[in-house]
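As structure tokens, the structure follows; a few thoughts come after it.
By letter and in written order, the chains are A, B, C and D; residue numbering begins at 1 in each of them.
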Amino acid sequence: MERVFSLQEISQHNTKDDLWIVLHGKVYDLTKFLPNHPGGQNVILKHSGKDATLTFELYHSTDIIDRFLPPEMYIGQVEQAYGIIPSNKSDENQEQQQETQEEKRIQLARETMPPIEEMFNTFDFQSVARHVLKESAFAYFSSGSGDDMTMRENHNAYHRIWFRPRVMVNVSHIDMTTEMLGAQVSFPLYISATSFCKMAHPEGEKVLARAAGKQGIIQMIPTLASCSLNEIVDARVYPTQLQWLQLYINTDRQMTQRMIQQAESEGVKGLFITVDRAIVGPRGKSANDKDMFEDQGGMEKVLNHERGTGSKTLPSFVDPSMNWKDMAWFKSITKMPIVLKGIQRWEDAVLAWRHGCAGIVLSNHGGRQLDFSPSPIEILPEVIDALKREGCDPSKDFEVYVDGGIRRGSDIFKAIALGAKGVGIGRPALYALGCYGEKGVEYLLNLFKTELAMCMRLMGAPTIKDIQSDMVDTRNLKNHYVANPIDYLAKTTYERLQPRGNLSKL
Amino acid sequence: MERVFSLQEISQHNTKDDLWIVLHGKVYDLTKFLPNHPGGQNVILKHSGKDATLTFELYHSTDIIDRFLPPEMYIGQVEQAYGIIPSNKSDENQEQQQETQEEKRIQLARETMPPIEEMFNTFDFQSVARHVLKESAFAYFSSGSGDDMTMRENHNAYHRIWFRPRVMVNVSHIDMTTEMLGAQVSFPLYISATSFCKMAHPEGEKVLARAAGKQGIIQMIPTLASCSLNEIVDARVYPTQLQWLQLYINTDRQMTQRMIQQAESEGVKGLFITVDRAIVGPRGKSANDKDMFEDQGGMEKVLNHERGTGSKTLPSFVDPSMNWKDMAWFKSITKMPIVLKGIQRWEDAVLAWRHGCAGIVLSNHGGRQLDFSPSPIEILPEVIDALKREGCDPSKDFEVYVDGGIRRGSDIFKAIALGAKGVGIGRPALYALGCYGEKGVEYLLNLFKTELAMCMRLMGAPTIKDIQSDMVDTRNLKNHYVANPIDYLAKTTYERLQPRGNLSKL
Amino acid sequence: MERVFSLQEISQHNTKDDLWIVLHGKVYDLTKFLPNHPGGQNVILKHSGKDATLTFELYHSTDIIDRFLPPEMYIGQVEQAYGIIPSNKSDENQEQQQETQEEKRIQLARETMPPIEEMFNTFDFQSVARHVLKESAFAYFSSGSGDDMTMRENHNAYHRIWFRPRVMVNVSHIDMTTEMLGAQVSFPLYISATSFCKMAHPEGEKVLARAAGKQGIIQMIPTLASCSLNEIVDARVYPTQLQWLQLYINTDRQMTQRMIQQAESEGVKGLFITVDRAIVGPRGKSANDKDMFEDQGGMEKVLNHERGTGSKTLPSFVDPSMNWKDMAWFKSITKMPIVLKGIQRWEDAVLAWRHGCAGIVLSNHGGRQLDFSPSPIEILPEVIDALKREGCDPSKDFEVYVDGGIRRGSDIFKAIALGAKGVGIGRPALYALGCYGEKGVEYLLNLFKTELAMCMRLMGAPTIKDIQSDMVDTRNLKNHYVANPIDYLAKTTYERLQPRGNLSKL
Amino acid sequence: MERVFSLQEISQHNTKDDLWIVLHGKVYDLTKFLPNHPGGQNVILKHSGKDATLTFELYHSTDIIDRFLPPEMYIGQVEQAYGIIPSNKSDENQEQQQETQEEKRIQLARETMPPIEEMFNTFDFQSVARHVLKESAFAYFSSGSGDDMTMRENHNAYHRIWFRPRVMVNVSHIDMTTEMLGAQVSFPLYISATSFCKMAHPEGEKVLARAAGKQGIIQMIPTLASCSLNEIVDARVYPTQLQWLQLYINTDRQMTQRMIQQAESEGVKGLFITVDRAIVGPRGKSANDKDMFEDQGGMEKVLNHERGTGSKTLPSFVDPSMNWKDMAWFKSITKMPIVLKGIQRWEDAVLAWRHGCAGIVLSNHGGRQLDFSPSPIEILPEVIDALKREGCDPSKDFEVYVDGGIRRGSDIFKAIALGAKGVGIGRPALYALGCYGEKGVEYLLNLFKTELAMCMRLMGAPTIKDIQSDMVDTRNLKNHYVANPIDYLAKTTYERLQPRGNLSKL
């Protein structure tokens, strides 16, 4: 027989060492789960002894409880007279007031939002998103690691590649179709996995599923989806629509296994294991910064740990012990092709090939993990070379994808020219989703398609196979130019050339 | 017997699928022409069922109808009581008000315009043009493709070339004369073809013809001239004045043939076939952006097309199927020397030589077509090298021109030093034309001449033949430096060195 | 029997050639010491004939008198009725008013100072320090030499190093412990010597000693400490806590010998001889600038000197004649390992190894001495290579440290990867000390630790030994990019791409 | 018997083709001289038919008339009742008003000018000069050619050279003395020739002579001095003080010969022939711009000329026909060592050596002649190498100087390290002269000396001979980095990292 708790009683379990929380009328004892929460401890502590349902729904699907929470943490029901659990009133009022103000700001921004036809390039969606999303959501999506070096470098690096266009080629017909893991797609781009899409749109990943389906491309479903796997799979617009699963390997391998097998049975066609997130990166702009310490177990724990006690204080959500030996087990529990997402050096690309992966994603997690990681496009040529030296033919045996910084159709062209099978996009889809919903995502995909088609025409490459490496000039690809410090004395004593006479008055 | 239509009747044919328009009292059914309009469909749709004469004249010469419109599209006359065709009044009022406001702004700008003597360099014309031209005209002229990378790179690249001046050379006499396609010119520069000059000046290309003639240089007549070919040819200031024709190859080859033969019979001395415009490029600043989609047949069509139906939806104005095999036919219908304009890699330069062209123009269409195309000056040295490897002597057998980014006399010097026969200018002539008319264009040409003469004197090269490749340092020509992302935290915590004490108060 | 002087009498010895000063009730004749004062002559002249105790205590420990002042300069006591020595009242009032104003400003700044939890990176401490320190203190700490080129380059250079992360490595346990001169430390960072810590905090170097001890790292004690050596040594939090001594070699070698032997007897475990300060560098922002001339003996003296008289006019505080022959004597008077601090080229690194040093610090004195000195991280790889060519194994025989510009955990990682045994920090510790005292320094060290631990995890290097040179991409390390002068005419005539339509109004 | 003219009569000769002017009561017919005026025709035309004495004295010494004006141009005296010649009153009033306003501005600026002690570096003088000089004077001094590229590059290039300091060297004694053309100087810097010093100071070059003498360095006297050669020579502070003469070769070789022989008889010890000014360069900021056309004979003349008439229209002041064959004649008329000033490529350096010159000055005329000329310091190493290949030892047989962009003592060090015998300064001396007169110039020279001495100490190079090429890192010297065009869309959608929370409010 199930226990029933009064609100009064629940509210007393509100400390780090005795922490209850109510979700959908059920009471959970999260004391032991606290250090394992991927989003940091603070957000849970803030709701300790209270009903956290509203906040929970903002980020998570209901099935996440079943997937990640050990069953023994469920301890009972809330009593019948269910209601708002008392809390520090003045705190809450202030918070509510702030929320109301932000809601007003957003409502106003949405009313004056430009019509979708004025989105002329993918950057425009981000400009709108800054205004119509909640501040915390925009900060979470747009933030990078450390000094944001890698995040910005990801797109910057494409600027170091110039074209070598061919003319006098018949480009009446452009065919952008290609294959990914054996399936045909309308053009070489997929929507990559990003966590917590509900922060952008109340229907979250379901919308991305529909837009991808209609546009004939693949959606990669995130482990940390805001919707349940069922919901996302059910959102397919036709039965054979393609979806992949992005996976964080949990310390509890049974959880991982359950998720893989559920996905496989639901018809998911590729397993993308994230390998660049042994720990969550320090994100400069996101509110999670303080949680960096928490994630490592708090400052004191870090200290003690680093002094050599060696106690394992990391959260269990992503297993930091994962290594190449785990590949055998992964392959034993699924028939889906396995792709490693987050490869950042050619040596690891070769290892992935040797361990029987179907491919890799060159990725640095959108610049959100380790600052000064190289941009995927920069290492792509050396990865392709290394694979070829190994006897692997990346045009058929093994698929190499890149993500991070794709903002123009010409970026896709450059990646294909250097040997990628396709590219993934993350933030642009979130911004389009957050601003204009499904229509926005379709519009964004069309922008990419139209720009790619135009680029192929003007480059003299009517099909994907015609896109060759001699069409790009990568001479400067590896060059990172850090400007000499500025000579302010010379700069400020120099008087700039300006139009003179009446011209200066215009 | 010709049919006559009432305004009332005409105004009912105002949809995409049933589209009539009145030009100079004649009624045309443009339903089938719509997707072929090089300027996009929108501008035609806006005038559907109405009299479009005023707008038409702003851009086009009357003979363009005969040249490009199939005769069967003419369907009759407007009835006697010809007048303004009714339209949505409030829309039109608003538009007219806006136009009146802009006219006032322009009138004021023209009244306070600096005297021409204050134009000290070619940039100054652009500064004035921004104020005295219509906003749409300035946007059309000044816009580039994508992120404007290539447009700006075109001039930027000249900054990567430094001089190696020779001193103690007798430079009392400077001789800038040279030959282009066998004819003598006063200095190695020609006015290149640019569409719709009437947006800059009511007499359009005729003014450029006169200025070029007076200065002893060649004018290249555009396919999309605002004046008719006859008018431009008639504007010659002396009978032997040299003109070339720039040509877009139409899907309807007969149209193309008629235009070539008309030009040849009018004494035009060179045929410059544009090869870098299989489709119009996406211009960031121009109002044409939305038309990018239209040009490709609208978003839905692009989608369907790219899904593999392969239906040809491109407009027929420029034939996207043009390729090297067409060269034989071109040569069969004209005796004019044929030059390909828009070559962007040495391999295509060699092909042009092999196919019997008289020369090439290294050009990326002023950065208006494919962003990240290389600047012509950057590829010039490798083109010259490749031609020499092929056994071609670019100093006599085959002429290599460059256009794009020429803004200083020293830019001309650099191009000549690297093997160009001459350079073409586009935008600077338009700005000079738009600001000061014929006097402005002559003044501009004199600025170029004076700067080139001074440069030749100070370089110790008294004649064009003395301009040698060892006079320029091209060591950095191929280097594209993309700055590392900025370290804002370090930058903002650093306090700049500034003059101190009383000095800081000055 | 000791002489006693009246205030009246003292106040008459107030010129350059007859200069008395009172410190703690004692009268000193500093006429001969004046040119040897490391901080310049002006600050002493300002107090000539007066009681300088208050200002003296702001910078110096009491024992500095015994250490550096020849005993014969002490000439007697002040008479009983000790008080403020009369001076130019109006001057003093003005000065006091200014000080009061600054104190108010600082008090206000401290009241609104952010809580320490908002320090998310090491730059944040500097931002706070600018507001809560005295202007003169912040100027002294933050200033560099000449145009501040080297000072900024020190951190900049780390941006030219990018990572090559390894994934699929078990990083459950991170061990950052390592050894320095044979002793274990919690992570590879030490607090380097910086002069006059009391300008940051009234307890000066004692606070650094406590923070270092608690965090398990080494403190390097400066020659120009504000506290006495005894005080700093006594501040150790446990008896075996490690400290090193930084040493300026005095012209009076007996002084030097006394200081070395005192330190050795107090248990100091390493002797770091500064070799990059034959003369104090010109610091652009510091108030010391005028003293640059003084240090060289005044403008006239410099002139006469440089004309060839060759008279030695340098202050004796740091011996400019020090050279490699002195190494034998240094080794003869101490058993402490000797490390040379301020090596800036590989040739000198090799010489240090040949002369039996225990190690070197690659350093340019934080960019405070010679502008355009290279950054330590830039020369580290060539130093390591040269040592290996010499048969020296820098991983065990000889220790190479770097300081200057360390601001991120990733900077430490990069230095270790390139062969450094550890890194020293200077300014960050001063800013943390000045803002939040001991808690601030500990917090700062934890930031470095946490960032390094995270970096090691994401790089796939769980221990210090796992940090290898193939994990960093140093291809651009030696590249100093000075931008071409800006083409202002082109820049100002180009109109930037901006979001358009309603988007531009957001 | 001399003719006498009335003012009335003189005022009627006021056109281009009949042009009289009064100077010091004498009447000159300048009709034929007009196109030869180095300062352009406009300034003379403005005074046609008038008394130009006041303006003349602002720029010229009286002896310039004897030196450069053919005697037959003197035509008589002004009648007794000498006075102001009538002119367009309203014009003159306006001009006078403007001058009065400027004088007021300058007087105010001089009253609030910082004390000389606040000049901490050579840039500071320029900051002051901008405020205390006449606008036209500052524009003339500070202007460069074209886009000011070369002018700025001259100093910029020194930033591409970094140091490799040696430590543990006895630097107690610094000896900066060296030899120039066989004579000893106090340090390796001379004051180069600059025209019209009176625009900076009423006593012009005489002040520079005194300051140079007191500081033991050489002054180079300009052809276009504001003072007469006698005056400048008489300003020597001791009889053996060294002076050189800078020479523009006149079309009238007798004038040139007279000037050389006068200088030689006055004890001038070196002849520096300027070879980089066949024509005056286009100076963007100077009011002379319009005169660029005049200098070339007016726009129409240029045109006609360039069309091939070949008529010589250049002014005769500097002979554009000067070439290597003239070397024999130069050597025949003087015993002074001959140095060519304005060499810009190694080939010409070798030619100068072969033609028996005593040395060369690598110079681009301070960036005032040909834009995109290389900086002297950049070509110095290749010049030294080429001379050595030729069998010439630049350390004794042949002296190589550099000028342009020297602003720091470290710049001098770098030039010496790369093989220069010494450096020349131009603008800094003018600014110091214009702000603080003789004291200012001495102060400036001391700044250079003190910075050089400090640099030598910290570099471990106690004498000039110790300054070796391995002390500088020139790896990036030849690298001209032109930044890729900026990606404004990406830049503006990126939100900068900023201090957060309360920190952002500081």
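Everything that follows uses one rule, which is that contacts are C-beta pairs under 8 Å (C-beta built on N, C-alpha and C of every residue); 3 or more make two chains touch, one makes a residue touch a chain.
In this text, all values refer to a predicted model and were calculated from it rather than measured experimentally.
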With contacts counted as defined, which of the two, A-D or A-C, has more C-beta pairs across the interface? A-C
For the identical-sequence pair chain C and chain D, what's the CA-based rotation angle in degrees, nearest 5? 90
Farthest from chain D by Cα centre, which chain is it? Let me know. A
If more than half of the interface residue numbers appear on both sides, call it same; otherwise different. Which is it for chain B and chain D? different
What whole-Å value do you get for the distance between chain A and chain C if each is reduced to the mean of its CA atoms? 43
For chain A versus chain D, what separation do you get between their C-alpha means, in angstrom? 61
Two or more other chains are touched by the chain C residues 120-121, 123, 127, 130, 147-149, 152, 156, 159-160, 284, 479-484, 487-490, 492, 497, 499
Residues of chain C defined as touching chain A within the complex: 117, 120-121, 147-149, 152-153, 156-157, 159-177, 186-187, 215-216, 408, 410, 446, 449-451, 453-455, 457-459, 473, 475-476, 479-483, 488-489, 492, 499-503, 505-506
Within the complex, chain C is touched by chain B residues 121, 123, 126-127, 130, 142, 147-148, 152, 155-156, 159-160, 284-285, 407, 481, 484, 487, 489-490, 492-495, 497
Could you pull out which chain B residues touch chain A in their complex? 109, 112-115, 118, 120, 123-124, 127-128, 130-131, 146-147, 149, 275-276, 278-279, 281-282, 284, 289-290, 292-293, 296, 299, 302-303, 305-308, 310, 312, 314, 320-324, 326, 340, 342-345, 347-348, 351, 364, 369-374, 478-485, 487-490, 496-499
